[in-house]
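Once you scroll down, you'll see the structures, which are given as structure tokens.
What follows is chain A paired twice: with chain B in the first complex and chain C in the second.
Right, the complex of A and B next:
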């Protein structure tokens, strides 16, 4: 059976996601883990492109690959010693984790494969920017203005929290 | 959409206004004078709590993303009462010199988590539910790490954020399966399209596990004790009472209204976890010597009792849950209030330090005794009625063995709730704690708890009122 180009691309990206995800969590150097994570995120963007969902793909690249990974790398460089190599955990723990993960993965994958998903009756269409903008600010059904506003409260609270955590405490350092 | 429709979001908007007021006050005030905000914000919050009880129409906003009914208003009011007491209790701690630079931040973070809980309770779809949950969790981790110069407070923050990130991941995976199968995030659409496939059961399990972390049910409870011990006492009481109460409310709403057709699956899960949670929580509580850890494990055991109410997916079950949470707020905050007063004034947190507490501090000892009796479920106090109704609601569904195990557990819990009482009244100590002169805020808070412990139990219209509201909601 010949693969079509888009099928080939799908398997290519999917394989990249799986391999780099595993490398992210098993790498002993933190900066490498962050870099592997970057490849995972870019491959995910590739899958969005395959689905013809350019907007989400662009968001994925600019926000996640561009913004968040850079943020992660910055915070690694600012806080820890990049050269530090994490110790490997003992083989007993690795075995136990491996078995648990394998059981969980088999369970989830077989259950998902068993399910007969219904194909959507709507015809595939490119998602217009105009439509995304309208639904983001709509207060009718399928409109997302309320979550949009609530996220702003979440961001404000998180920023204040981050300042609290990161701020130097002048008075106490002299006392202690 | 009419502008006056926004009044349906009164609780959330008032809290947001309060948080923004604090922010503005912070900007325009000198660093040394920020402590002046404490009486203002506490007073304003009490006003907001009263305003919550004003009559309000029911309705749906934002195309079903925000639903408000009498029952949900009542839930928010119950949480507000708890937070009002916590704000009163935390005033003395905030005035300490090491907190002088972050008083207003404490209020902003606390209020934003409360806004998150309110949105979560009112959510009509899984997106708002999830956002509310995150808004209630992320600032909470900062609150847990508030005393960050103490190592175990920082540890509490990082443990809370890591475990909640993991549980959010599991929860979201379950929700994404649900979306894949039903094609919607709205509760009513999902409920209409629910099927009995294994994948649906798996998504229910993931949702259940994610919420289990938040409510700290066994076996998802491992973060609880360390976080409760490390966090400042006010934050611990907030986590164990208000945060847990909000999670229980939305958990039961979703199980009863979205997953009602899958009750064959989740009834068994609730049944097993109820037994596990009660028993493990109790067995660990017996061994604790630190009062905060002690109350942490006791709150795990109490969550197990709440599950008995979830087993009865009817108006009766929902009412018993709400009533129990209301009672639990007063009893647990009474206990935490005494523990925090003693901790702030003497720095002592171990049970041994409570030996002969009665000698110098009879009122505090008496209040702690009442609260612990109420938590244990000893008759004249409200806790008895709370537990009694929960047992009744499970028994009315025929779960006699479970009720039997629950009664056994209540008996075990009686033993360890009596340990501090014995320490205070019977154990002899050469150096009992000195006379603790608590401030006005703490006194008001403790009196409120005492009134609640007696009042909610004896004044039966409270229960009737909740029952009527739940009937109108319809389950």
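Right, the complex of A and C next:
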């Protein structure tokens, strides 16, 4: 059996996602866990590229890998001693959680495998950058102006909230 | 769609990633690692949206737009959560969830 190039790349990314996401939640060194998370996110961007969503893959790399992971690494450097192994929870809790999660995963996977999805045969729509921008601001059919506006308000609110929460409290400022 | 890869395979990968995230969310005791588990969960949902979009409704782009919105929400959530974590660290000098229980009783 010969694998085509895209099949090989898919299996490569899928394997990387599975291995590195398990390492992310089991690694005892926090900075390593963050690095494994970065690998998971980049492999996800690879799958988006394989599915022909170039814009989404670019957003994934810049926002997740470039933004969120860097933010997480900075906060790790601010709050933890790098290289310290932190304690795991007791093995009973780990075992119980592992069993519960395995049951859930098996249930979902068997349900997925039993369902027959009818793959559409219509021609795929090319994802043009211009079209994405137009339909984000359109209020007609297949327009997304309402969620776009809601997201912009959410971004503004969370930005203000993050600044106010993270600010140092001023001590007894009474000169004004 | 990817030639020769059925939709089920992508969904299985996303499922494994989702439940790994839940495992981390339940067993980790450090706030930042809990945040990383949440990122895993959100990311697996994104893969599902995009795969359904490409395989079942390739003439629309709803899945892609909702993935973009989820990514934006994940960014907001990470920013606010890290602000809260840094504030907690300033007050308690630890970010272990079991040591931060001042408002518990």
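Assume the second predicted complex is superposed on the first by the 167 of 176 C-alpha atoms of A that agree within 3 Å, B and C clash if a C-alpha of one lies under 4 Å from a C-alpha of the other, contacts with A are read in each partner's own complex, and residues count from 1 in each chain.
In this text, a residue touches a chain if its C-beta (ideal position, glycine included) is under 8 Å from a C-beta of that chain, and two chains touch if they have at least 3 such contacts.
The structure presented is a predicted model; accordingly, all values stated were derived computationally and were not measured.
Engineer: For A:153 in the superposed arrangement: first (chain B), second (chain C), both or neither?
Structural biologist: In the superposition, A:153 touches chain B alone.
Engineer: Have a look and say if chain B or chain C is in touch with more residues of chain A.
Structural biologist: Partner with more touched residues of chain A: C.
Engineer: In the superposed arrangement, does A:120 touch chain B (first), chain C (second), both or neither?
Structural biologist: both
Engineer: Just chain B (first), just chain C (second), both, or neither: which does A:140 touch?
Structural biologist: In the superposition, A:140 contacts chain B only.
Engineer: If you stack the two complexes on chain A, which partner ends up touching A:132: first (chain B), second (chain C), both, or neither?
Structural biologist: Second partner only.
Engineer: After lining up the shared chain so the two structures overlap, which partner does A:101 touch, if you call chain B first and chain C second: first, second, both or neither?
Structural biologist: So A:101 only meets chain C here.
Engineer: Is A:28 in contact with chain B, with chain C, with both, or with neither (first, second, both, neither)?
Structural biologist: Neither partner.
Engineer: Looking at the overlay, does A:54 come into contact with chain B only (first), chain C only (second), both, or neither?
Structural biologist: neither
Engineer: Common interface residues of chain A with chain B and chain C?
Structural biologist: On chain A, the residues that contact chain B in one structure and chain C in the other are 108, 112, 117, 120, 142, 144, 147, 151, 154, 158, 161-163, 165.
Engineer: Under the touch definition given earlier, write down the residues of chain C that touch chain A in their complex.
Structural biologist: Residue list for chain C touching chain A: 1-5, 7-13, 15-17, 19-24, 26-30, 32-33, 35-37, 39-40, 43, 46-47, 50-51, 54-62, 64-65, 67-69, 71-80, 82-87, 89-90, 95-96.
Engineer: Which of the residues in chain B come into contact with chain A in the complex?
Structural biologist: Its residues touching chain A are 1, 16, 61-66, 97-98, 100-102, 105, 108-109, 112-113, 115-116, 119, 127-128, 131-132, 134-135, 138-139, 141-142, 145-146, 148-149, 157, 177, 180-181, 183, 186, 197-199, 202.
Engineer: Mind listing the chain A positions that touch chain C in their complex?
Structural biologist: Against chain C, the touching part of chain A is residues 4, 6-7, 10, 14, 17-18, 21-22, 24-26, 30, 33-34, 37, 40-41, 44, 47-48, 50-53, 55-56, 59-60, 63-64, 67-68, 71-72, 75-76, 78-80, 86-89, 93-94, 97-98, 101-102, 104-105, 108-109, 112-113, 117-120, 122-125, 127, 132, 135-136, 142, 144, 147, 151, 154-155, 158-159, 161-163, 165-166, 168.
Engineer: Along chain A, where are the residues that touch chain B in the complex?
Structural biologist: 107-108, 111-112, 114-115, 117, 120, 138-147, 150-151, 153-154, 156-158, 160-165, 167, 169, 171-172, 175-176
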